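Here the structure is laid out as structure tokens; the discussion comes afterwards.
Labels run A, B, C, D and E following the written order; every chain starts at residue 1.
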Amino acid sequence: MIPGVTLELILYTTALGLVIIGLAGVVLSSHLFRMVLALVIAEAGANLMLVLSGYRWDAVAPILLQRAEQPTMVDPVPQAMVLTAIVIGVGIQALAVSILIRIRQRYGNLKRRDVAEKMDAEIAASAGIRRDISQDAPLGERPLSPLPAHTAESRGGDA
Amino acid sequence: MRNLTGLLFAGGLGFMLLAIASGIDFGSPPMRIGEAIQSASPQEVGAANIVTSVVLGYRGIDTLGELAILFAAASAAGVVLGRRHTTTGTQRKGGFVLFHGGALIFPFLLTIGFYIIFHGHLTPGGGFQGGVILAAAFFLPLLARPGARLHHSILSVIEAFAGASFILIGLAALAEGQAFLQPMLNQDTLGSLISAGTLPLLYIAVGLKVGAELASLLSNLAQTESEQ
Amino acid sequence: MIFSLLDELLIFSAATVLVALILGRGLAVGWMVTILYGGQLLVLLKMAALGYGGNPIASELSLSVMGQDLSWRFDALSWFFALITLVAALLTSWFSCGEWERKFKQQGGNVWLFHLAMALNVFTMLILLASGDLLSLFIGWELVSWAGFLLMAVAGGVATNAAIRYITYAVVGGMSIFGGIALVYAAAGSLQYEAILIAVEKMSTGQLWMLVLLFGSGFGIKMGLLPFHLWQAAAYAETPGPGSAFLGAISSRMGLFAILLVLVKLFGIVNIDSLKIPFTLIDARDLLAWIAVFTIIFPTYTALKQNDARYLLAWHGIGQGGYMLLGLVTANSLGAAGGLLHVLNYAACQAALLMAVFAVMHRTGAADLNKLGGLVTRMPLSFLVLLTGIIGLAGLPPMNGFVSKWLVYRSLLEDGMPLLFLGTIIGTLGTILSVYKLIHNMFLGQLRVEHEHVREAPWSMMTPMLILAGVIFVTGLLPGIPLTWVAAALQTIGLTGPEITLGGIESSSGSLDMIWVIGVLFAGFGIGAVIFYSAGPSKRVHQLDNYAGGHFLTADVRYQYSDNFYSGLMHLIRGWYRGSFQWLENSITSLVEFLSLGMQGIYRRANSEFYLLSTALFIIAWVVF
Amino acid sequence: MNNLVLTIALPLLGAFLLPVLMRLSQAIGLWLGPIILGYGCWLLGNLWFSDISLPLSIAIGGFDAPYGINLYLDSLALLFAFAVQLLGLICWPYALNQDTARRQALMLLLVASSTGLALSGDLFNLYVFYELAAVATFGLVAASTTSAAYAATFRYLILSGIGSVLTLLGIALIYSHTGTLNLAHLAQLAPELLHDRLGMTAYLLILIGIGVKAELFPVNAWVPEIYATASSRLSGFLAGLLSKLALLIILRLLVLIFDQPEAVQIVLVLGILGVISGEFAAWRAKDMRRMLGFSSIGQLGIIFIALSLPDERGLLALLALSLHHLVIKTGLFMLADGWGGSLERLTGAAKRSPVGAALFTLFALSLVGVPPLPGFWAKFTLITELAAQSEPLYLIGLLVFLLATVIETSYLFRIVAKLYSSAETTTNQPEHQNMPGLSLATASLFAITLLAATVLIAPIGDGLQAVAAEAKNAELYIQTVIPATPGGQL
Amino acid sequence: MSEVELWIALILGIMMLSSAVLALVVKNHLAAVAAASVVSLGLALLFALMRAPDVAMTEAAVGAGLSSLILALALRRLGLWQIDSGRENSNLLSASSKGKDDA
């Protein structure tokens, strides 16, 4: 084995690698379903990291046996936390895909950009913002609006 | 361009995190509370599986929160997907193996699930793992016979009372003048099935809750009717 | 708890607000409110000792909020400003009673809201004037700003736009003051005047500069000092009649009051004098003086261009503020007295003028100078009031404006500041030209057909106007009376006033006695009249007996020389009207719009996770390196 | 004082049982939630006036901190916990439709988790409650059942999911370095173990993760779309309270564990950016809900600036600003119930709903900080404190804050002017402007609170000062939670 | 720790990382789900290696089993269920490719 490469190094590289791949995946995917997958992968990485934080290389699993002498055990607390985290993760994932199903039904596809645009359009439409005016067009009324023509005339320019 | 920047950024972040994490002494954690729990747990909680005593004892409210999250996710999925009691015609009938295998495997899964739940305080496994298996047990027939449907009302009653009983067990301790979720009943012999006080009860509640929650989630996903 | 006189005044004022609020929908609310203003004025007069150097009167009310002590008290300066405020409120409210109200209601105006806004303005101004520390000053300041906003917005429509513009400027000013207060608090650890006076001694030049700039621009915005003057004309002009007269008379002067209190009293003219602008010969005080002079010149000449009587007067009012500031920053006895006296004189003139304009508007429905003319035969009393007002405003004897402007000129000459003096002379020239335009286009020349049957303004409007005209004349004849108050007020901010006689001032370098001046003037008029009437009968012709340019016009074609008034002069000075301030304002607005577009762009990007990633990267990189 | 835990346990219990109860008897089901929340209010309100000496620490399950999870109750936590229960009651989803049971259950979960966020003294437990709040929020937003709501929820879910991964990573880093999760225990260990690059990294990861909910600048892109699609009551709860609770976590971290200047500076910089981005974006917003969303980003930015102030008065400013924003924003969102659409449509709306317009004006005035209203005092405390700092970055913060106020005035009063404008537009669609009576009544409640606070500002100010002093006292926190070992190591 | 454990961890780590990448770049959604479940399975094995049997069981049941089931069900509902590598264009590296509808 290559010197310097320890089990811990492999493990935390794997953990961080998973998180980063997941993160990059979320940022880069153009398809919403892949974003869910990426999130799942990132969560896996975080879970690994958490277990790793309680891991001892010289210890056994934290289960008491009817023996006189108890050997050293790994830290049980992170394991309990990871149990929680895993279940949380799957709950969120299930919710995410159910929302995806609805989005797919309503918008017809799951392209990230497309969905964002359609959502924007729908929000604008439901707010009653006229579509013929794009979001980028000036509001037409400024807070310091120039006075209407008849007064502007008499007010004149100023020095 | 965006792809490249994203990759670069992610890579940079990963590199920095790696560099920083290399400062940690992995493999020999400080275990400030871990060791204390290990030594105190047999007396305080009495479960052979220390993870269980942490999950249900020391960090019991985390578990409660987690059950609530599952419940929230299932409810939210229910809100999103709507609960349709009709089956969809689009699903193909499951294959022969799935159909009969499912029928065969159902009691088997049920047994395993409950076994894991009941032994949660002794051996690895417990409410979560057992609950998932229970969910699978109830879901398999659905996959095998698309026409079948889960009894949602029964499921939701289980869901409700399993969750409620977890809290009620906790509240019972409160009513006794102890702290919320404080383990009660006597602990008995470490390592025997009837031991660790209320912990097995809690795990049963967890198992049923997780099972019911996941089953309803799965069936929701499987039975959603297309709106189009 | 025993109420002090100040408490009585404030309670009275608050009660006025309540009456306007609760009974405002009923009949004759105007009269009720007017009487209540009169009551407030009476209470104020009970405090008259203040005007002659009496001890300050404190309010029993004091609060401590979040470690800040708040207190209120009245001294001679406050009393002087409060007197002007309440007289203006009383007369303008009187003006609004009866006929004006009725017509306002007919045109869809909300009389209830109008009276409420007026009462609120008066109340908040009194609170501001009564402030006993910097924090209560700021509270009063903001209240006045927002009450002013309410009054300006009452009319709706164009007025709302003007009001929004005003409040934007006012909040900019308010925030600038707020920032200044924060810095003062950081330096002094308290906002009590005593603590600040001590802290100012220890401040570095940089700090002092910062504070002078922050407070100066903050208060200056309310005064309409030069780069910040754009909001004022439209906001005042579009306010409903009496409100416009009230705001025009006193509102901006709250800025002057605050400048006096903070820049002069707290920071001290000496300290401000010591703030040199690097690489130039001028210091902060010169800067203020020059700003004052330009504030006199530019808006006055802008006023010259206006064709709407209200706008003309409103623009004009901005310019007059410059005289007051100029007089006060000279800070010698004559100049300071002149500047402060001008507050009163100007208030009287401006209120009288605006009332006269609104009286004409009430009868004719027009404020456009090109659509008026010849009304002297129909509304002679209004003409008289307007005439009194413009003589006062232009600074000519025998009216009060002469006294205050004379004092300011005199102080400039004495201090050896010929350039500033020249500036004021140019300004005065513009004033004379523009007020002449006003009176000519409204009252002189030919009467228009549609105005044949116009009657004199109703007495409910005429009486306050005549009272004001009387005030203008009396304070011109006997400037000693207000000058005594002015001297007492100056003492409270650490300046000394001149020697005062009933008819003017006594000074080693040259005295002024208005009784003599006016005596000589009227003697001159008498001689003129004798000559006029002894020269034999003059021939009267009908007003429509036109003869122009060698052509006989038929009687139905009116020849009214008002359109493109002063065209020659305008042509000459056109180059100066580049609208650069307007341009500045527009470009700031565009900048905000541009930025806001960009910021919305950030939030509308499809990929929000990217932000998360990059932030994580950058801030962790920041930690690592 | 063990029954404090009821404020978390009972809503959870109610949520679990609600779907079944609702099927048994709708009447019982409909009353269950409000009764539970009312009881929570009563319990916490009683605590406030009782003679129990705060702060106190409650060990859950009888396992003393730092081994078990504890609830830490000081005045600050009590204040927020009470606000959660009360606001939960006020923003309760009364509307009946086919999902009533689920929505009410989710709301109960949201309240339970928010209370937990206010009270919990354990890092991982906070994370669990945070996730619960997130999931409940997703469900409630998605309950609007519009397509846009689904899309917005999904985007929020992913962003928040990534945030939780980072938070979890941060927690793992902290745990691997210290071996504990209890905040008080961490506070004891922090000077020795966490004031280094690693601790800082962990803090930043948690900050970004939690920041998603707290509307921290670059991770708040969900805000406008969620507030535009969720129901107004929910938006009010989220903007008004949940963001503050996330902030509270960051506050606890800063006070107890990461009291280093760098930790605070990041918050300051992001806060400043948040103010700029939020207020400028709001300036051009064309519909009420998104305007409120952007404005809430700006306000939270200001609160983050206050969070970065090092001393007690800074915390006072933070508290005052938070509570003020809570009242105002929730009130404004209530008004958005009727006026949620395009701003153009609001022209002349004051005629149809004079009370609504008056309330809007009042809220706007206080938001801008017009003196006698409480907003002024909050802002005053903030700026005097900002000016007192020697660090130039704080002066930039001051400047940005003042600028933001101007912009805020500009856009808010443009709307006020529109409300009172007499001109009718052609695009006018009056059916969108019928203000629901319930929302109006709720908004009036907030307005009354605001006015009462205006009158009672002096005692409130003193009370908040005491709360701030208590919350700023890290030593007190440690002593309360781990009394056995005064200042020593475990 | 033994040499064997090290090798196992190394192989598992490489496998997990590569299937994680695969899950994001592969064109077929079903294959992506499968790759993701490989990650979970590897994780479960790693947990077992790290003396965390509870976590390992949970991860195997929840991560590898349930989660894959959910995703697979979702794929059906989303109409992305395709056994053969189709003409899907929705993966990581095709962000800028011709925008075919993915339905």
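FYI, contacts are C-beta pairs under 8 Å (C-beta built on N, C-alpha and C of every residue); 3 or more make two chains touch, one makes a residue touch a chain.
Please read these numbers as outputs of a predicted model, since none were measured by experiment.
The chains in contact with chain B and with chain D alike are A, C. Of all the chains shown, the one with its CA centroid nearest the global CA centroid is D.
Distance between Cα centroids is largest for the pairing of chain B with C. Ranking all chains by how far their C-alpha centres lie from the centre of chain E, first place goes to C.
With centres defined as mean CA coordinates, chain E is found 21 Å away from chain B. Centre-to-centre spacing of chain C and chain D amounts to 45 Å, using the average Cα coordinate of each chain.
Mean C-alpha position of chain A lies 58 Å from that of chain C.
Look at where the CA atoms of chain A average out and do the same for chain B: the two points lie 23 Å apart.
Looking at chain E, residues 52-55, 58, 62, 66, 70, 73-74, 77, 95 sit in touch with two or more other chains.
Multi-chain contact residues of chain A (touching two or more other chains): 6-7, 11, 13, 17, 19, 21-24, 26-28, 36, 47, 52-55, 57-58, 61-63, 73, 75, 77, 79, 81, 83-84, 86-88, 90-92, 94-95, 97-102, 106, 116, 120, 135, 143. Among the residues of chain D, those touching two or more other chains are numbered 124, 128, 131, 135, 138-139, 142, 150, 155, 158, 162, 169, 173, 175-176, 179, 181, 197, 201, 284, 410, 413-414.
Chain pairs that touch one another: A-B, A-C, A-D, A-E, B-C, B-D, B-E, C-D. Those residues of chain B that touch chain E in the shared complex are 2-3, 49, 51-52, 116, 124-126, 128-129, 132-133, 135-136, 139, 214, 217-218, 221-222, 224, 226. Remark: chain E residues 1, 3, 5-7, 9-10, 12-13, 16-17, 20-21, 23-24, 29, 32-33, 36, 39-40, 43, 46-47, 50-55, 58-59, 62-63, 66-67, 70-71, 73-75, 77-80, 90-92, 94-95, 99, 101-103 touch chain A in the complex.
Taken in their complex, chain B has these residues touching chain D: 16-17, 20-21, 23-24, 26, 29-34, 36-37, 40, 44, 57-62, 64-66, 68-69, 71-73, 75-76, 78-80, 82, 153, 156-157, 159-161, 163-164, 167-168, 170-171, 173-174, 178-183.
Residue ranges of chain A in contact with chain B, taken from their complex: 6-9, 11-13, 16-17, 19-21, 23-24, 27-28, 52-58, 61-66, 70, 73, 75-77, 79-81, 83-84, 86-88, 90-92, 94-95, 97-99, 101-102, 105-106.
For chain B in complex with chain C, the residues that touch the partner chain are 2, 6, 9-10, 12-13, 16-17, 19-20.
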